[in-house]
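The structure under discussion appears below in the form of C-alpha cells.
Here the chain labels run A, B, C and D in written order, and each chain numbers its own residues starting at 1.
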Amino acid sequence: MGGLTSESLCRGLPRICAALEACADELNTADGALGDGDLGVTMQRGARGVQGMLDSLPADVGMALLACAQAFVKISGSTYGTLLATGLMSAAKTCKGRGVVPWAEMSSLVGGAVTAMQHRGKGALGDKTVLDALDAVRAATAGLEASEKILTAATTAVDQVMDDFRGKPSRQGRARMFGDKSIGLDDPGMLALKRMLYALKED
Amino acid sequence: MKKILNDPFDYVDEMLDGLCAAHPETYAQPETRVIARAGGAKQGKVGIVTGGGSGHLPVFTGYVGPGLLDAAAIGDVFASPTVEQMAGAMRHAHGGAGVLRLYGNYGGDVMNFDMAGEMLEMEDIQSTTVLLADDVASAPPNEAEKRRGVAGMVYAFKCAGAKAEAMADLAEVTRVAQKTADACRSIGMALTPCTVPQAGKPTFQIGDDEMEMGMGIHGEPGIWRDKLKPADAIADEMMDRLLTDMPLAKGDRASVMVNSLGATPPEELYIMYRRVKRAIENAGAAIVMPLVGRYATSMEMTGVTITLCKLDDELETLLKAPASCAFWSV
Amino acid sequence: MKKILNDPFDYVDEMLDGLCAAHPETYAQPETRVIARAGGAKQGKVGIVTGGGSGHLPVFTGYVGPGLLDAAAIGDVFASPTVEQMAGAMRHAHGGAGVLRLYGNYGGDVMNFDMAGEMLEMEDIQSTTVLLADDVASAPPNEAEKRRGVAGMVYAFKCAGAKAEAMADLAEVTRVAQKTADACRSIGMALTPCTVPQAGKPTFQIGDDEMEMGMGIHGEPGIWRDKLKPADAIADEMMDRLLTDMPLAKGDRASVMVNSLGATPPEELYIMYRRVKRAIENAGAAIVMPLVGRYATSMEMTGVTITLCKLDDELETLLKAPASCAFWSV
Amino acid sequence: MGGLTSESLCRGLPRICAALEACADELNTADGALGDGDLGVTMQRGARGVQGMLDSLPADVGMALLACAQAFVKISGSTYGTLLATGLMSAAKTCKGRGVVPWAEMSSLVGGAVTAMQHRGKGALGDKTVLDALDAVRAATAGLEASEKILTAATTAVDQVMDDFRGKPSRQGRARMFGDKSIGLDDPGMLALKRMLYALKED
C-alpha cells in the first residue's frame, strides 16, 4: 500500500522536473498557438524552483506540498503557476501535520484542488482547461488504493479528456479570445498535466 | 523588432532602474519589481496598490505618488506580476490602515492579487479589492463584470488616491474607488500593433489601410475591422458607443480622456478632442478637466482610447485635488 | 498614411482648435495660427515668442504658459509660419517691454522672423533674436552657427521664460536665452520616419533593422546609418559625441534630457537614461533635474534625442523656477 | 521707350499668374526632388493673392510692388515666397513715389533685389539658387533700355545660368542636404523665375 510521503515526493518530483525541462518547448509552442506562449517557461522555472528545495523538503507532507506551491508563485505570475500553487496549497492544508498520506486519498486531494482552483480562477468545468483534466483524474482514481493503478487510471483519463475536448472551443483564459480557432487544438494546461503524470508512470 | 533595448529579458528591470534613477524623489524600488513611494508608507493612511503587466506607462507604476497610489507590482510586459510581488507591494503600501487593491480586470491579475490578499490576511493586513472594468468593447452591458480595465483606471487612481490622502478609512476609500470605477466607460481603437520585447514580433497583424474599433490594449480583438476612417467619423462612433452604454443628459458633468496608445501624437489627439467635445456638449453635458495625452499606453502601439467619467460633486472635488507623479500633476 | 485625421490640409488648424478647446485656461488663438497665453500679454514683462513648423508638440506651441513663452507662430507641418503670423505672435506677446524671438536655426524661420522683426520695428516694438542651434550632428564645432535647433530649445524656453517672468528687461532676458542656448548640446537618432499629412508619405526610408545616428527631427540625414545597436551602445555613442563637443568635468552640474521623438515609449527612454546617467557621473559631473519624456517630437517618428545643458547657479535657479503649460510643469 | 507703370504691371502680372498656375505641378515636382515639394503651391497661392489685388493696384509703382510683396508673405512661410517678397520690397523702396520707372532701371532694381535677398537669406552667389539666376539677369540687362531687349536678354541669361549650374551641387536651403544628389537637377527656384520671365516674353 504505502502512501505519499516526503521520501516519495523526493523520488517523484525530480522525474516531473526532468519531464518539464524536456517538454518546455512543446508547452511554449502549444501555449503560443492559443495564448502568450509562456507555459513552458513557467513550468521550467517552477521545476527549477522545486528542484532547488528537494534537499530541504520537510517530512510533514503538508509542508512539503506547501513548499512546492511556493516555488511556483515565486517565479511567475502566469495563470497556470498560480492555479497549480492553489491546487497544491489545498492539498497541503489537508495533509498538514501528517508524515504519510494513503494513496487512497489521492482522488479526494485532487477533488479538493479542483474546487480551490475553480474558486481562484473563476473557471467552470467544461471550459477546456486543466480543470477538466484534473476532474477526470479525480473521477477515474476514486476508490483506487495502489499507486500504479492510480497512475494508470490517471494517464488514461487525461488522454481521454484531451480527445474529448480537442474538438471543442476554449472558454477560459487567453485561449478564449481565439474562439472557434481553438477547435482542434489541445489545451496547453491539459498537456502540461499529461506530461507530469506520464513522468511518474514511466519506469 | 525596432526597439531601443538591451537584452529583452532585462527590459522591465532596466526600465524600473531608470525610472527610479530619474525620479528618486518620487519612486523607490524596495524590492524587485515593487515600486513604492520614495518616502515610504504614510502612517495611518490607507494604502492603495495596483499592479499588472509592464508596457503601459504611465500605467501602472507611473501613478505612484502623492494623491495617487502607494505602490505597484510590476510584471513582465503584458504579463501579470507574481503573487509574491503583489504581496510585497501591499506590505510597502500598508501604513496601518489597510490596503485597497485597485487594478484592471484581467484573469491572471485577479487570481494573483486574490492569492496575495489571502497571504496578507495571515499577516493581519486588511485589504479590499476594486476592479477596473471600463472597456465597453470587451463585453456587453449585461456581462459588464467581464469587461477589461483600460484607461479608466486613471480616474479611479486619482479619486481614490485623493480620498486616501485625505485620511479616509479603508471602507470610504474603497467606496470612492468603486464609485469612480462605476462612473467610467472606455473604448479603444488601434491602427498598428506593438511588440512585446521577449516575443520579438508584433502583437497582431493589420492591413496598411485598416483600423480596428474596440481593440484592447494588448491587441485583444475588437468590434470591427475596416478601412481607416476620418478622425471625426472615428470620434463619433466611439462617442456613440460610450454614450449608449452610459448616457449623459442635460446638466450632467463628465471628465473625458482622449488617450494615445503610444505612437499616436498629441496633434491627432487634439483633432479628435474637438469632435469628442462636440458630442458631449450636444448631449447637454459639461466637460470638467479634460485629459488629452498619454495616460495609459501599449508601448509604441498606434491608436486612441476615449474614456468618459461621469462626475458628481464628490468625484469632481477628488478629481481636482492636488496630486503628482513623474507623468502627471494636478 | 496611418494617421487619425480629417482633411490633411486642416490638420494644423483642427489641432490648434482642439488644443485651445482642451486647455482654455492656458492657450488662446487670438488670430489664425498664433497661439498666445490665455490671459493676454503681461504688462511690463518682456514677451518671448517662438515659432516654426507644426508636428513637434509640445514644441513649439505647447510651451506657451506662465514661466515659459508668451506666444508662438505656427506653420504647416515641418514648414515655417508666414511673416504675418510671426509678426502677429510678436504683437500678442508684447507687453510694452519688447519681445525676444527664440526659435530654432532653420533657414526659412530665420528669414521670416527677421522680416517680421523689421515690420515690428516700424510699429516701434523693440525685439531681439536668439537662435537655438544645439544639434551637434548637423555641423562641426567650427561651423556651430550652422547647427539646427532641436530639443535643447526647451531649456532655453524654460530659463529665458523664468527670467522674463521675474520682470527682467529685454537685454537680460536675451542674455539668459543666449547663455542657455550656448550651454546646450543635443544629438538625435531615429529608427523610423513619420509622415507629413499633406505629403502622405514617410519623410525617409530606412531598413527594418537599421537606425540612423544624428538624424534631424525632419529626417535630415545624420552621421551614419547602420544595424540597430543595443540601447547601451546607442547611449554611449550619443554621450561620447555630446561630451566631445562640450566636455563635463569633475564638479560640473548639468541637466540632461532623454527625449522621445514620438513613438519611442518612456520604457525605452528609462532604459537609455540608466546609461546616460552613468556617462555623466563617470565624467564626475552631477545631474540636476533630469528630463525623461516627450519634450520635442516629430509626430510618430521612432527615435531618441539626448540634450545636455550645463548649468551654473543662475541657470540652475531659472531651470527650477515654477512654470506650467499643458505639457509640462515645474 | 516707356517704363514700368501700374498699367504695365496690370498687363504683365496676369500673364505671370497664369503661367504660375500652369506650372504649379512642375514646380512642386522639381522642389519635391530637392526639398519639400511645395514651391508650386507657394507660387500658385501667391499668384492668386496678386490676382486678387490687381483691381486696386496703386498708381505709385513703389506701392504697387509693395502690394505684390505682401501678397507673397501672407500666404506662405516658404523660403521662396519670403525671398521674392524681399526682392520686391527692395525694388518698391526705390520706386516709391514714382508713376513710371524707366526700363533702363530694371537691371539696377534686380541688382538691389539680389543684395537684399542675399542679406535676408544669408545665401551667396554660386550656391545654385534663384540668386544666381537673378544676378545673371542683372548683368545681361545692364545698359539695355527697351523692354523687348531686356526680356530677351533676361530669358537667355536664365537659360544659360541653368545650363551652367545643372552639373553643380546645391549649397543652400533644403536642397543642400541632398549634396551630390542634386547634381544634374535644376534648382526649382531658378525654374520658377524662368517660367515667370517667359510668361512676359511670349506674345
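Just so we're on the same page, contacts are C-beta pairs under 8 Å (C-beta built on N, C-alpha and C of every residue); 3 or more make two chains touch, one makes a residue touch a chain.
Since we're looking at a predicted model, the values are computed, not measured.
Farthest chain from subunit C (centres taken as the mean of C-alpha atoms): A. Centre-to-centre separation between subunit B and subunit C, using Cα means, comes to 30 Å. Centroid to centroid, with C-alpha atoms defining each point, subunit A and subunit D lie 82 Å apart. Centre-to-centre spacing of subunit C and subunit D amounts to 33 Å, using the average Cα coordinate of each chain. Between the CA-based centres of subunit A and subunit C the separation comes to 57 Å, rounded to the whole angstrom.
Touching two or more other chains at once is no residue of subunit B. The set of subunit A residues touching two or more other chains is empty. If touching chains are joined by edges, the resulting network of the protein chains shown is an open path. The list of touching chain pairs reads A-B, B-C, C-D. Subunit B makes touch with subunit C in their complex at residues 2-6, 11, 14-19, 21-22, 54-55, 57-58, 62, 191-192, 208-209, 228, 230-232, 234, 262-274, 277, 290, 292-294, 297, 299-300, 302, 304, 327, 329.
Contact residues on subunit D toward subunit C in their complex (touch as defined above): 36-38, 73-79, 82-83, 85-86, 120-122, 172-173, 177. Put simply, subunit B touches subunit A in their complex at residues 75-76, 78-85, 107-112, 114-115, 199, 220-221.
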